[in-house]
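Below are two complexes that have chain A in common, paired first with chain B and then with chain C.
Now for the complex of A and B:
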């Protein structure tokens, strides 16, 4: 029994024990027990994942555990990466939960479901048969749905978010189910080994149908356009440590599914015939990245902003995955390894900073009771540690040098640029477009997080609640601190994880070797390129110190005059004069007017006596999700219409219902007679 | 775009010919400014007649910018204040603060009769007094409203060009 196997066993055991204990222990201890248990489950899962990346593996078959197919688990390096990420997020979220859940989210059901959710997420990347994968997937969907609904008694929006999530996650499950069932039907068995063997003999059409179905199902979980509508609704409504788990760990499993099916199960047919698959993945990824960050930039709800940013980052990951598939299908395996390594590194980075950001947003929500950026501000005074955490997370998310996203996006752009010589007209068009999309996304991300941090935490408080905010409990700070340290390590010495991730990507993409080498300086093996995040950061710090020193020295020579702060001569500045999130995003919104299509409404009420006198002016602005409006509204309207029509079939007469049954049996018999 | 070009061609040059270099005397404080003066305009309670004339002086016809003056958006950037109107109660404190916000050496030009001695508004209940009652005034431009040429002459006295 190796470390991987025992670690996985320990994780599941602790998770199950925690779920049972959460129901049994008194309410006073419940949050602590659930949080600690979840953190320990995560730690064991993370250890298992790291062991798997380092080369350990295990196989476990329990044919009797589930009817029909049984349970079959195989841990390999690819699954290990996602296991480690999920475990890591669970550790931070669990510790945070000790302090957070005490204030509301410590109902018996919710506490028991949290460790089960983590367990389900640990099972998915280890599943080695269609049946096991789908059971784990559905368990993950159901537990997360219950967690999203935690606060449904207190707020109405939660129920609506829950409905969206429930419907979309199950449509996604149906897509994955049909796709993998077709696959398994051709393979004659549902184990992944059988699927791999069968993939070589599948016709391109069937393989394409399977891939598109699976892409739709897994893509909807990853929040990819146009199936993202649930994500910015459901993630913000969950308790914040659950938001972190969903946004930093669960969405990754969508990427995992796409990589597993596309690279591993269909690995044998990836040569040549499947280029359009990966072009589709790449284009969807690029569109999601740009659209997601654009909506995030427009958003004034702190957690909704983070939810849209998840769509953006998953889009960037899929750009990497798509590029890797594209390079692999044109035979450039080394470059494919690099692109996939960039994608996997971005998954890890995103998990790090999104955990940190959601936990910090949770502290803000907890302290002020609002997520509306236009009502926040000035939190720096009351919540210095949370402010620092959010600032560090925002820096990490905005792809600037001392941040984590910078390294993975740099790798991604390197792979895309050097992929240009790869033959094919479609590739020659798509790759530069993808580079442009990544660059635009990075720029918009900076604007988004400057907005979120500047408006939300700096300046003066815009509401009494924000003015009275006080720092969160030590457990919450510890959770944030852990995620912050992880971000710092990923930002400064990404080689710690890149050596493992590069090897995994090499194996999955079929290049064999490691995509990136080096300890302090990253060296790309496939192409000429080096980067040293640590030295870059040191150089940046040194430059800042030098510039500050020179400015100080110059200023010290000049005579100083103490003057009143210039406030236009009109008296003290008030919070009403500050930039709000809406006004900060307004120039951007104008630039992208045609894309985001904001709705503005001006109602002018005149005096009764004269049209020349204005009694009141009401101005409303909304930035609706355009895709949602164009794509979902007609579908919902059609479903509503057919629902109304269908009601006529059910007038309440028992005779008629019996008649339906009778005629249905008759029709069935006729069909069977004719077809047999 | 084409219409703009056509307009430019049809209208031609409207600016007055440039005047010969300034040879008259200059306030002592203005000498320290060299030939470039940044001006902040403060409306301390004017009827906007003076504003129209200041706009005209800085417009394309008189174009006082060619003599080295420029209107700026903040007293922090300014060398001189161009104050118009009798100083009303609401504007007395802002005017004082604006004056304090201008870095030294600084000059104040009171433009128009109201700024010099409250004009027709003298003794009105909302008026504190002339500009010189609130901040020290270095130069005055007479007229109700003063002609743009007079404003141009005052500004040239500051820039010395």
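Now for the complex of A and C:
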């Protein structure tokens, strides 16, 4: 029994024990027990993942546990990466939950479900048969659904979010189910080994159908356009540590599914000839990235903004995955390894900063009771540690040095640029567009997080709740601190992670070698490229020290005086005169008017006596999700219509229902007679 | 990290810090003369800085540490770019940092921090400037990266030193369609990023039009001096980048006093000439409305895309 196997066993045991204990212990201990248990489950899972990335593996078959197919688990390096990420997020979220859940989030059921959710997420990347994967997938969906509904008694919107999530996650499951069933039907068995062997003899059409179905199912979990509609609803309404788990760990498994099926199961076929699959993945990714960040830039709800940013980041990851597939299918395995390494690194980075951001947003919500940026502001005075955490997370998310996303986006762009000379004409058009999409995403992300941090945490409070906000409990701060340290390590010495991730990507993409080497400096092996985030940060710090020294030496040695703000001589400025998140995003909204299609309503009430005098002006603005409106509303309306029509069939008469049964049997008999 | 690079790094930092206010002075003087004014002389920006540094430091009420660190960070980011980019010598002081993306991201980081400082004051002016600056930044970024893409495809690297060396080796490249298109796109980007006409007017204090000036309205004394210095350094760094990418001749490739001296002089002349051209152009252009700026940037983005296309199909 090696470390990987025992680690996985320990993780599942602790998880199950925690779930039982959460039901048994008295309410005042429940949050602490659940949080600590979840964190330990995550730690064991993360250790297993790291061991797997370093080369350990295990195989486990329990044929009796599930009827028909049995449970079959295999841990390989690719699964290990996702296991480690999930475990890491669970540690931070669990510790945070000790402080957070104490305030109403510690009902018996919810507390018991949290560790089960983490366990389900740990099972998915280890599953080695279609049956096991689908059971783990469904368990993950159900447990997360229960967690989303935690606060359904307190807010109306939670139920609606839950409905959207339940429907969409199950439609996704159906898509994955059908796709993998077709696959398994051709393979004559549901183990991944059988699928791999069958993929070589599959016709391109069937393989294409399977891939598109699987892409739709897994893509909906990853929040990819146009199946993202659940994400900005469900993530804000869940308790914040659950949001962190969903947004930083669960969505990754969608990417895992696409990589597993596309690169591993279809390894022989897909990477050989099917270029359009990966073009589709790349274009969907690019569209999701731009659309996601654009909606985030318009959003004034802090957690909704973060939810849309998840769509953006998963889009960037899929750009990497799609590029890797494109390069692999044109035979450039080394570059494919680099693109895949960039995608996997971005998964890890996103997990780090999104955990931090959601936990910080949870602290804000907890302290002020609102997620509306237009009602926040000035939190740096009452909540300095949370402010620092959100600022650090925002820097990481906006792809500026010395943040984490900067490194992975640099890698991604390097792969895209160097793919051009070897590409065909179609790829040569797609790659620059992808780079432009990544660049636009990066620019908009800067604007988005400057807005979120500047309006939410700096300036002056825009409401009493924001003015009274006080710092959160030590456990919550510890959870954020852990995520913050992880972000710092990922940002400054990404090579620690990259050496492992690069090797995994090399194995999966078929190049064999490591995509990136070096300790202080990232050195790309396939192409010429070096970057040192650590040296860059040190240079920046040194420059700041030099400037400070020169200013101290040259400037007048007088004490700093505090003065009034410039108010144009009109008296003291009030908080209502500040720029809000809405006004901050207004120029961007105008620029992207055609894409986001905002709705504005201006009601002018005139004075009774004269039309020239205005008594009141009312201004309302909404930025609806356009894709949702165009794509989902018609479908929902049609379902509603047919539901109404269908009602006429059920007037409540028992005789009629018996008649339906009778005629159905007759029709069935006729059909059987005719066809036999 | 070569000796040539280190020498270049030190020289560049000194030249950029000393020369940048002079560049601004030259540009103002050119504009003044063309507009029929006498002008304040090219030393005026330095005299302004001296005056500001001697004043007492003032912080507006209710601002945080971020507001006070921003000027330092702004000068530091631009300073690091001035050290690592090959302006005077063809090698870079810190090779692994002299990546075009890293340089662009560093400059963007300075801008983002300044926008945060603008928001931190909690005044309408600060928020307005920050909002506009971020909008422009978000739209400039795609053009910038696509132009970089076009320039680095043939070289096979995004490292600045590699690009400059390869252009020196094959000067005909500068006249290739890809390079020319990328140059035009990058010039538009430079105008937008340094806050010059027709995107932003550096000489205005009118709330309808200002972008950069609105963000820094609350700064005074030594803080303002640092911000002004950083703004002028940013201008020279962007012009220097244009010069190094498209007119790299005269840059020092060996470590001799003559080569280095020639490198410094040529760099100063190139940036001075580019600045003069920019100033002359400004005399004949009016500021466009903020909401027309995206059209300008979209045009430059298309040029960038065409440059990538040209580098692939015409290579």
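The definition used in the following text is that the second predicted complex is superposed on the first by the 652 of 676 C-alpha atoms of A that agree within 3 Å, B and C clash if a C-alpha of one lies under 4 Å from a C-alpha of the other, contacts with A are read in each partner's own complex, and residues count from 1 in each chain.
The definition used in the following text is that a residue touches a chain if its C-beta (ideal position, glycine included) is under 8 Å from a C-beta of that chain, and two chains touch if they have at least 3 such contacts.
Here the structure is a predicted model, which is why all the values come from computation and not from measurement.
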Touching partner for A:564 - first (chain B), second (chain C), both, neither: both
Touched partner set for A:632, first chain B, second chain C, both or neither: neither
Contacts of A:548 with chain B and chain C, given as first, second, both or neither: second
Comparing the two partners chain B and chain C, which touches a greater set of residues in chain A: C
Chain B versus chain C as contact partner of A:588, first or second or both or neither: second
Partner chain in contact with A:276 - chain B first, chain C second, else both or neither: neither
Residues of chain A contacting chain B in one complex and chain C in the other: 561, 563-564, 566
Footprint of chain A on chain C - complex, ascending: 53-62, 64, 66, 72-73, 75-77, 79-80, 83-84, 94-97, 99, 101-102, 105-106, 108-109, 112, 115-116, 118-128, 130-132, 134-135, 137-142, 144-146, 149, 152-153, 156-159, 162, 217-218, 220-222, 225-226, 290-291, 294, 301, 304-305, 308-309, 311-313
Of all residues in chain B, those that touch chain A in their complex: 74-76, 93-95, 97-98, 100-101, 103-104
Chain C-facing residues of chain A, complex: 297, 377-378, 380-381, 398-401, 406, 410, 413-414, 416-418, 420-421, 423, 428-429, 432-433, 435-436, 438-440, 442-444, 446-447, 450-451, 453-455, 458-460, 520-522, 527-532, 535-536, 539-540, 543-544, 546-548, 551, 554-556, 558-567, 573, 575, 577-579, 583-588, 590-591
Residue numbers on chain A that touch chain B, as the complex places them: 561, 563-564, 566, 568-570
